[in-house]
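Got a structure for you, written out below as C-alpha cells; questions coming shortly.
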Amino acid sequence: MVTPDLSVAVGPLRLKNPVLTASGTFGYGLEFLPFLDLADLGGIVVKGLSPRPRRGNPPERIVETPAGMLNAIGLQNVGVDAFVAEKLPALRKHDVAVVANVFGETVAEYVEVCEKLDSAAGLSAIELNVSCPNVESGGMAFGSDPAALARVTRACRDATRLPLIVKLSPNVTDIRETARVAEAEGSDAVSLVNTYVGMAVDVDRRRPVLANVSGGLSGPAIRPLAVWATWQVSRAVKIPVIGMGGIMAARDALEFILAGATAVQVGTANFIHPDAAVGVARGLAAYLSEHGIGTVRELVGTLRTGREAER
Amino acid sequence: MVTPDLSVAVGPLRLKNPVLTASGTFGYGLEFLPFLDLADLGGIVVKGLSPRPRRGNPPERIVETPAGMLNAIGLQNVGVDAFVAEKLPALRKHDVAVVANVFGETVAEYVEVCEKLDSAAGLSAIELNVSCPNVESGGMAFGSDPAALARVTRACRDATRLPLIVKLSPNVTDIRETARVAEAEGSDAVSLVNTYVGMAVDVDRRRPVLANVSGGLSGPAIRPLAVWATWQVSRAVKIPVIGMGGIMAARDALEFILAGATAVQVGTANFIHPDAAVGVARGLAAYLSEHGIGTVRELVGTLRTGREAER
Amino acid sequence: MPQDLPAAVARNLDLGHGHFLLEFFAPQAAAEMVPGQFFMIGIPGAEVLLRRPFSVCGLPGTFADAPEGSVQVLYKVVGRGTALLSSLRPGAPLTALGPLGRGFDLEVASGVRPLLVAGGIGSAPFPALAAGLAARGTRPALVYGARSAGDLPLLDWFRERCDAVTVATEDGSLGRRGLVTEPLEDLLAGAGATRIYGCGPSPMLRAVAAIARSRGIPCEVSLEAHMACGFGVCLGCVVATHAGGGGKPVYERVCVEGPVMPAERIAW
Amino acid sequence: MPQDLPAAVARNLDLGHGHFLLEFFAPQAAAEMVPGQFFMIGIPGAEVLLRRPFSVCGLPGTFADAPEGSVQVLYKVVGRGTALLSSLRPGAPLTALGPLGRGFDLEVASGVRPLLVAGGIGSAPFPALAAGLAARGTRPALVYGARSAGDLPLLDWFRERCDAVTVATEDGSLGRRGLVTEPLEDLLAGAGATRIYGCGPSPMLRAVAAIARSRGIPCEVSLEAHMACGFGVCLGCVVATHAGGGGKPVYERVCVEGPVMPAERIAW
C-alpha cells in the first residue's frame, strides 16, 4: 500500500504535511525537542512577536473551563530582535517550516516587525495576529474593524515578500467580511480562529479568576464554532484557509479539512499531550490509507451537505 | 439560622427565586413532573411558540460536542393556539411563573403571537426569541441587526402589557449594542445568551452531522463566553439581565449573578439531570447561608475586578 | 414512572468483540419495566456530557444468575461513551434514568407465533422480550443476523431460550451467508400466524417492515436516534411518522412515542 | 529529561481528611528525579481537560514498603481533578509527564542544619526531600503547620524520619496554637547555621521568607501556580521575580525557573 501524500500548499507556502502548531502554544519550538521531532510537523508558528519585549499580564493568566481554557497571557515575548538573534538560528537547524506570529499596537509596529522578519533568514511565512483579545490596544481592535484590518494588512503586505497569513478573530458578527478584507488587501491565506473572549468568576473570592478579567477561550469547547467559521470563510474567499480550534486528534483536524481548510493548527492540545501535533499528522496518514485516498489535498472542502444546489 | 431570601424582581416580573428553566430545554414544563415540583422553580420558559404549529427540521437534529451539544430543532412547536388551549391550563395549576418564548418569521408574526398571549390567563412574561440560529428566516436575523431588532421589539412592546424580555444572540461583534437597542425600544429585561452557531462533521460519511448543516452550541462549553456577555451587557444597560449558558450547578449560576445577572436560566442541564434547576436553586440557598448573606439580591453584579476606577 | 437513580456498576461482563453486559441494581425499574423500554445512562465525571440510551436487556427472570433487583444492559463499544462505560469496574458510580419510552407489546393472541428479528447489537432488548413472551406461554423464534460470527452476542442464551434460532452472517462465518431478510422470507413462507419484533440498523428494519407489510404480518420495531434527554423535551430524537394521519409525515419522538413503534406507523 | 509516560494507578491510599497517597510506576523518573520536582498528571477520559501538577512525594528510599521503580504523590482533594483522581482504583490509567521543573538544592554544607517548614498539603514534597537530605547525612528538622490536626498528612512518617518535628495548628487541636511562624522564630532564636526549605500557601511562604531574610538565613520555597503545560510553553504559571536584575520585576515561569526558587528571588 502506498504511503499517502500529506503535502499541501498554502498559497506560496509549501508544507510537508498540513499540521502546524498554533502560536502561543508551542513556545519557540525548541521546548518540545524532548517530546517530538520538529521535522515531523508541517510547520510551527511561534509565540506572537512584538517590536520590543513584552512582560505580559500579571497572574492569574489562565484557568481551565469545561473542555477548554481561558488565557490572558498578554503577549509576553522576547521581542522580534531577540527572536531573530537567539531563537531563529537554533530553529534553522531543524527541517521544519517556521512561521512568525506578529503583533503590534499600531500599524507602524506591525510594519516594523514584518520588515525585521523579512530580512531574517529561515522564516517561511508571517502570520498577523490581529485578533488577540488579551491586550489593551491593538490586537482584536484590528481584527474586528474591517477598515483597520485593511490598513494593517496592506501595510504589512507592502513590508514583506514572505507569504502573509492574516489570523482572523471569531469575535465578530460575520467572519466572512473580515476574511474578504484580508483577501482584498493581499493576504496569501487566512488562519482562523483565534480565541473567543470569555470570563471565569471565582465565586468564593467574588473576583474574576484572571487578573485581566477576560481571557481567550481555546480548546475542544470551541471546535464546533471554529469548524463553522472555517466552513463559512472557505466558501467566501479564494485564498487558502488554515483552520484551528480545539483540535486534539486527526478526526478533529479532518472536520476542518473537509470543511475547507488546506492546513490546520494544533494549539491547546500541545499543553496536554506535548506530541499531540505529530499524533494528528500520523492519524491523518492512517485515515487516508484506510479510505484509500492518495493525497490529503483530495479531501479539502469536500464536505457534502446535500444542499450543493443552493450555492 | 434564617433561611436566605432568594426572591428577585426582574423588572416588573417577580420571582420566588432567580432560577428559571431555559426555552426549548424544558418542554412545556409538565414533562418534568416525575422529577421535580414546578413550585420549587423561580419560573419556567416554555418552548418557542410560533403563530402556527411548526414541524421543525429533519433529523439528525442534535449531536454532542466537547462539554456541549449542537441542536437544530428548527422550532418544532404546537403553535400558540394549542399552547394557550391545552398546555397553559395545566400549567396554571402549578404555583410557578410561566414565561412564553415567542418566535416569528416576520414582525407581524411576532406581534400576532404576542397579542394572543397577552389575552391568555396565567402567563407571567413574554421572552422574544430573536436569536434562534436554526431557522431559515426570522430568528437570528432579527437578533444581529440592530434596526430589525428595534422594529420587532417596539412592535411587540406595543402588542402586550406583559413584562417583555428580549433574548439576545451572542453571535455578534458587540452584544452591548443590541442590548441597548432592546432597552431603548421598551424591553423590560434582556436574557442572554441564546446558542452560538456551530457545526460538527461526520468524517466517515464526509457530511455535516446535522441535517441543517449548522446548529446552536449550548452547554458548559459556552459558559465562559456567556458569563463575559452577561458582564458586558449588565454594565451597558439599566434594565435587568437574565443570564444563561452552561449552568449545571449553583456555582455556575453564581458566576452569572456576580457578573450582573438578576436571574438565570438553566438549559442543557435539564436534559442530563431532570432536576438540575431545582438543584441550582437549593445550591444558591446553601451558598448564601454559608456566607451569611441574607438575600441573593445582595450579590447581583458585585464582582470586584480591582479596576473599578476605570469605569 | 421514570426515576433518576444513582446506581453503581455491579458487573460489567466482557462478552468479547466489543460487547459487554452491564449489571446494576434498580429494583423499582426492574419491577415496572417492559421489554423494549430503555435507560439513559450517565457516567459521573466522564468527558461525555450527555447520557446514552440503552435498552433493558435483562429483567427479573431473564438471566438465571441475576441477583434480585438487578437489571442488565447489553452494549457494544462504538464510540467514546461506550468505551468509557466498558472501562468501568464494579463499584464505579453510574446514573440511570428509567424506565423510559414505549416497550414491545407482549400480548400475543394464542396460536400466533412471535418471531424476533435481530441485527447485531440490535439483539440487546430481546433477552428480556423472549423471557417475557415465554413467561406468557410462547417461546419466540429468532432470526439473528450480523456482519460476522463475532457480532452475535448472547447467541448461546438465545439458543437455549428461544424456540428456534436461525443465524445469518454477511461474511458467512456462521449460519447462512447474507442478510436476515432471506431466512426471514423462508421462515414466513407457509408459516402460521406470526407476529414480528425487529431491532437493528435502520436499513434492516426497513426491509423487515416491507416484508411484514407485504404479507400482512403485524410488526413492531425498536428504533435508534441520537438522544439528549430521553424523556421527551429536547425534540432531538424525532423520526418521521404517519401519526398525523394522511398527507405530510409528522415528526414524533423516538424516546416517548417510541423507541418501539408499529412498523406501519413509520414513514420509512 | 522529561518523559510523557502512560502510567496506571498502583495504589491510591486514603490517608483521611481528603488526603491521598498515589503510587504509580515510573522507573526512569524515579531514577532521575530530584525532590521538589513535579509531574503533570492526567486522567484519560475524565471531564477535566488539563493535567494537574503534583510534586513528587516519594522517591526510591522515601517509603520503606514502596516497590522498586515506583514513585508516590501526596495530594489533597480541593476540586474536580483531585476528586476524580481520588476516585481511581488500582489499574486505572494515568498520564504522567515528568520530571518537571527545578527541585530543591540538597547540598547542605556540613554543620548547617536543614529546616523544613510546611503548611498543610505543602508538606507533599518533603518526604522525598527529608529522605534525600538524610541520605546525604543530615536529618532535617520540620515545622509543620496547618488549620487543624486533620490537615497534617504523613505526620507519623515525619516524626520517624525527621530530626525534630514541631507542630502548630490554627485551632490548637494539635501542637502549638497559631501559625508556623511563631515556632519557627523560636527555633531559629539561638540556633546554629540553618538552611530553610518552605512549601505551603503563599502567605505562609511570604512570612517565612521575611523571617529568613531578617536573619540572613538561606531559604528555598516551592511555589504554586495554575499550570496548563508544566514545561514552559504556555506562560500561564508566571510569578514576579527580581531575575531581571534591579528595577522592574520580570515574570518567570514557576514550571521551569521553579517551582523551587530561592526566596530572595521572588518579588513578594
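A few notes on this one:
By written order: A, B, C and D. Residues from 1 in each chain.
Keep in mind that, in the parts below, a residue touches a chain if its C-beta (ideal position, glycine included) is under 8 Å from a C-beta of that chain, and two chains touch if they have at least 3 such contacts.
Here the structure is a predicted model, which is why all the values come from computation and not from measurement.
For the pair chain A and chain C, chains touching both partners: B, D. The centroid of the Cα atoms in chain B and the matching centroid in chain C are 37 Å apart.
Chain B and chain D have Cα centroids lying 46 Å from one another. Distance from the chain C centre to the chain D centre is 53 Å, each centre being the mean of its Cα atoms.
With centres defined as mean CA coordinates, chain B is found 34 Å away from chain A. In chain D, the residues that reach two or more other chains under the touch definition are 47. Residue positions of chain B touching 2 or more other chains: 66-68, 219-220. If you sketch which chains touch which, the chains form one closed loop in which each chain touches exactly two neighbours. Contact annotation for chain pairs lists A-B, A-D, B-C, C-D, with touch applied as defined. Of all the residues in chain D, the ones that touch chain C in their complex are 45-47, 80, 83-84, 87, 89, 91. The part of chain D that touches chain A in the complex is made up of residues 1-4, 42, 47-51, 95, 97, 225-229, 231-240, 248, 250-251. Chain A makes touch with chain D in their complex at residues 24-27, 31-32, 34-35, 47, 55-56, 58-64, 66-69, 71, 73, 76, 219-220, 268, 270-275.
Residues 65-68, 70, 144, 171-173, 196-201, 203, 206-208, 211, 213-215, 217, 219-225, 227-228, 231, 246, 251, 254-255, 258-259, 287, 299, 302-307 of chain A are the ones touching chain B in the complex.
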